[in-house]
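Look for chain A in each of the two complexes below; its partner is chain B in the first and chain C in the second.
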Partner chain A sequence: MASQYIALPKGVSEKNFDAAIRDFRKVLGETSVLTSAEQLAPYIKTMMPVPDSDHTPSAALLATTVEQIQKIVAICNQYKVPIWMISTGKNLGYGSAAPAERGQVVLDLKRMNRILEVDKDLAFALVEPGVTYQQLYDYIKEHKLGLWLSMPAPSAIAGPVGNTLDRGVGYTPYGEHFLFACGMEVVLANGEVLRTGMGSMPNSNTWQVFKWGYGPYLDGIFTQSNYGIVTKFGFWLMPEPPAFKPFVIQYQHEEDIVEIVETIRPLRISGVIPNAVVIAHALYEAPVKAKRSDYVSGPGSIPDEAVYRIMKDHKLGIWNVYAALYGTQEQIDVNWKIVTQAFGQSGKAKILTEQEAADDPAFAYRAKLMRGEMTLTEFSLYNWRGGGGSMWFAPVSQARGSETLKQMALTKQILAKYGLDYSGEFIVGMRDMHHIVDVLYDKTDPEQTKAAYQCFDELLTEFSARGYGTYRVNTAFMDKVAETYGPVQRKVHKTLKKALDPNGIIAPGKSGIR
Partner chain B sequence: MKKAKLVNCIFDCLVAIIFTISNAWSTQNEKNNPGFAWKDGAEIYAKICAYCHEAHVGPQIRNRELPAAYIRTIVRNGNRAMPAFRPSEIDDESLTKLADFISNKKAQH
Partner chain C sequence: MDEKRRILIKGMLTGGTLLAFGIPTITQAASINPARSDSARNCHLLLGNTPISEAFATGAQAACAHYGHSGQGALATSQLGDELLINPQHIADLLTQSHNMRWVAVMDYAHAAIFTELVRNADGRLLALGSHASASNADAALSLRHRWTTAAPAYGAGGLLASILIQNSRSFSIVENFLKVSFPETGLAEGLLPQFSSHSLTDQPATHLHCAGLPAPEASQLVGWETSANWVSLTSRPATSFIEHLPLGNWVEATGYAVVGAALEMGIHPEACAQRAFVHRPDNRHRDHDVLAGKQFVSFVIDV
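Now for the complex of A and B:
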């Protein structure tokens, strides 16, 4: 007899799953437990080059309260049913809203969407997992709180909880998001509710202002992990500065990345440039202004000659350094002088401000990101190859010019082998650079999809062989990346997992942990 | 093996006890906050769709008399690079309003 479910959790009989679903419905009501193919369709689509059937959920649970989640984990423990948590479900290019493994039940926390507190004076927020950046942005505007958000490029439809828990980044001075996290509430697999840091103390009013509490710092083990379900999350917000000056510095040759990084590092470490700077390759910015098909046709990666034509036609550098100054006008004037002197020395840099570039669509969306305003313009990247295929390749580099050049050259070489383009950028760091490459491919083309998978696998293999670790990865490659960090770390992760979740019900497979 | 089973059994018992104990923290200041709900189709369009469909990222979809049923299907399933949107993000009632807003010329300016 055919199953009434579109998938089943690994090792769980249909009879037991029936019983679990029945109990979930007792907790959540009929309409908040989804099991039909039509209801689950939005949880299946991913941008990864693997069959969607590999990541098809068996059900989705729409919880709204901590008490419901406590009851859900009890049912999961009883029937050994694994759950996969999502908040806004917009981890595009990293797995979207689909679970890591076929048959896992998605615990969808999007309806836990309350902004619990925003403190204007202390500049912090406490929110539930389903709150989007757009929702928080509107709340801050409506209440005239004078605070800025830092968010990733999918801004409006993503949210601070999911992004920070996956250790995502933004573009303001608060761009390394987990650095600015302060206090979590976590439902553990045994149903207990932990508040981290100062939140563990009854009547404490310092949960969102002091990170460390007493004893071992725990927040980190609930990021990129499956040790608990985060139901409340505190983080710091940036007071709106009196003045803001975005700018872009363009360079014409790929080797110039060495000069860029060597020039920018001391400015970042000293705080002259305070924000998470982006050094974007021409092919990362081109989709905002140009169509790939206007410059190249047929298979293979785009030739350098075509890239130079795009640069010329659309006023792009091969590298485009987006940064900003924040503060009083006097502070900005002083720091602007330091920046222009530093970048002016070699004569290679072209420096543009809002005066020259305000109407440029690439500059305009980058400026919005650097002041925490909503924009989804970076999604133009998806039009470059079309077909909805995207994976973020995200190795970490030292903020040292020679290293960034090596990483760029190696990435480009491997992508070209598979006929794919280098759509890359370096972002964030003072001492590090997140090297972020969108591996774009046409998912409707089986050959290109196969090539993209093999390419990504080779990128991970070759980078880890050289000691370059990946900071974040999509759900199809989590085990492979976990392996690159060696057996001792994996064993510690597993030991913690066994202690906190002995039945393995919370997101098995996340970061390769089971 | 036996030890592992015993540990799991103890853990399961603990789970049963703990979730029946009410958590004093989770009820404070939260019952009066109903959370977010969409006002109308225009708001959803402005806060989600317009960022791509009015910004040269996705195609224009207004004033094309696209059937409401087609819009609902694309929103729920996604289409190539366009992500799918779940009922937890845009509930069925709000999706109907959104589809009407996009497909009905009179609703637009």
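Now for the complex of A and C:
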């Protein structure tokens, strides 16, 4: 006899799951517990090269209050039903809204979308997990608060809580988002509610201004983890600068990455360039302007000759460095002189200001992101190959030119072995680089899907063998990445999990932790 | 299965046709399906800014003309520009303000990634999500690939599309995964397409494979399924209804036709199964120049 559910949690009988669903409905109401195929289908689609059936949820719960979540975890403990939390669920290329394992119940927090506080003077926000960047942006504009957001590429439709908890990045001076997080409220697996840092003290008014509190700093263990459900989140906002000067610097040869990084690093560490600079390869920017099929057809990765034609046709560098200066006009004038002198030394760089690149759609969306404005233009990447396959490969590199060249060359070589293109960029921290590569493939093509899986697996294997760790990964490869960080870290993660969630009900499998 | 719908679909096809992309229809099916839901009676078309949208719409409107309820007229159509990438709020508002409506949408992959998110945000119900591609390479193993995730077999468009495409000399695969699994009670299936030999897996009877021009193991490999699997023949009731034909210009129009036929709940060629595939490889491969070579798009059927 067919089940009435499209999936069941691992090890849970249909009879027990029925009982859990009945109890969830008592807490949330009939309409906030989704079990039909039609309702759950929007939670299933992933871009990973594994069957979507591996990540099919059994149900989705739409909670609106902390009290409901406390009751939900009690039910999960009673029936040993695992939940997978999403805030806005926009982790595209990392697993989207789908759970890590088949049968997990999605706890969708999109309806917990209250902006609890935005303080203009202290420049911070306290929000619930369902708040989107667009919502917060509109609020700030409406109340004329003079604050800027930093957001990732899914901008408008994503939210600060989910992005920061997965340690995502943006493109303003506040681009390393977790650096600017300050205070969380967390529902623990036993139903207790923890406020981290200063939030634990009754009547404290410093929860969103002082991170550390007293004793071990706990916020970190609730990022990329499954130790609790974050229900409130504080973070700092950037005061709107009096002036803003975005620019792009183009280089023509792949090995120029060495010069770029060696030039940028001191400017980043000294704060001359304050924002999370992007060094984007031509193939990362090309989808905004060109179609792959106009340059190449058939199997195999795109040849360098075609890439150079794209660069020529669409006025792209092989590397395109997007950065900006922020501050008063006087500060910007001084720093602009330093930047142009530094990049002008070798004669290889072509520096374009906002005026000179005004008509360039790639520059336009990059400039928007660097001033915290909404654009989803980066998603043009999904039209490059088409077919809906995308995985972010995200190793970390030192901010050292020789290292970035090594990483780029190795990535390109492995991708080419499987017929895939290098669509990569480096996002520059002060001392590190997030090397972000969109492994794009056609998920409608079984052969290419298989190749993409093997390719990603090899990338992780080869990079970890050289000591290059991955900072974030999709749900299909979380165990593999966790393994690369060694047994001691895994054991500590597991020990914490056992202590905080003995029944393993919260997002088992997240970051390889069970 | 609903008995009235069973009558409508029973034995929909007989033999092939000389007309390229001739559309098999059943005279009875053109009348109102009494089981049709309210949202299916309020079906709208949302066309993305893609080169294939016009062709898809042509097929969609042809299906509406055949299967729509009396007085429905053409499908109301909304055109989508690039606003999803620039300001998705407009479409988010469109979805949240829609009530009891069924949207058939078609767009490229960039827009589809965002649209899927907006559907979930709007508490939309996703009945079918299809990926459709034509190979850019003439030597590709199959020239057309369709892959659907569909809530239930009742919303499956694959059977209707297969019945259209097989009348052309191009190779294709159609794979459908049904989220709500149905298990066949017997080895007998309703009105299987006569041009295909039909099989099920011995250890997974809810997996069906329909092949034309190639053996089951090879067809299985071409759609990325296990190749060593054991396939057994499915037997079917004979098809008896006569066929009308409506010429459609190309595979994109045929896809639009099939998607809307399914969206209007005609329930054409459903099967009680969890997943099924149709694979066709003609003896004489079609090598004509195809202006739609390399084209690909995503289709949605959603209720909001």
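Keep this in mind: the second predicted complex is superposed on the first by the 513 of 514 C-alpha atoms of A that agree within 3 Å, B and C clash if a C-alpha of one lies under 4 Å from a C-alpha of the other, contacts with A are read in each partner's own complex, and residues count from 1 in each chain.
Criterion: contacts are C-beta pairs under 8 Å (C-beta built on N, C-alpha and C of every residue); 3 or more make two chains touch, one makes a residue touch a chain.
None of the values given here were measured: they were computed from a predicted structure.
Overlay on chain A: chain B and chain C clash in the combined arrangement. Of the two partner chains, neither chain B nor chain C is touched by A:Gln398. Number of chain A residues touched is higher for B, counting chain B against chain C.
By the document's definition of touching, of the two partners only chain B reaches A:Asn77; chain C does not. In the overlay built on the shared chain, the residue A:Phe379 is in contact with chain B and with chain C. In the overlay built on the shared chain, the residue A:Ala37 is in contact with chain C alone; chain B does not reach it. In the superposition on chain A, A:Lys450 makes contact with chain C only, not with chain B. Within the superposed three-chain model, A:Ser200 lies out of touch with both chain B and chain C [touch as defined at top].
Once the two complexes are overlaid on the shared chain, A:Gln135 sits against chain B while remaining clear of chain C. Once the two complexes are overlaid on the shared chain, A:Ser464 sits clear of chain B and of chain C alike.
Once the two complexes are laid over each other on the shared chain, residue contacts for A:Arg114 go to chain B alone; chain C is not touched. With the complexes overlaid on chain A C-alpha atoms, the stretch of chain C that clashes with chain B is 40-48, out of 4-12, 22-30, 40-48 or 256-264.
In the superposition on chain A, the residues of chain A touched by chain B in one structure and by chain C in the other are 38-39, 41-45, 47, 88-90, 92, 97, 110, 134, 156-157, 374-377, 379-380, 382-383, 386-388, 443-444.
Considering their complex, residues 7-8, 11-12, 14-16, 18-19, 22-23, 25-26, 29-30, 33-36, 47-48, 51-52, 55-58, 76-89 of chain B touch chain A. For chain A in complex with chain C, the residues that touch the partner chain are 1-3, 6, 36-45, 47, 51-53, 56, 88-90, 92, 97, 110, 134, 156-157, 287, 293, 297-299, 374-377, 379-383, 386-388, 442-447, 449-450. If you check the complex, the residues on chain C that touch chain A are 84-89, 108-114, 116-121, 123-127, 129, 131-133, 136-137, 139, 145-147, 149, 151-152, 177-183, 222-224, 294, 296, 298, 303. Residue ranges of chain A in contact with chain B, taken from their complex: 34, 38-39, 41-45, 47, 60, 62, 64-67, 70-71, 73-74, 77-78, 88-90, 92, 96-97, 108, 110-116, 128, 130-131, 134-135, 138, 156-157, 185, 189-193, 195, 231, 361, 374-377, 379-380, 382-383, 386-388, 390, 443-444, 502-503.
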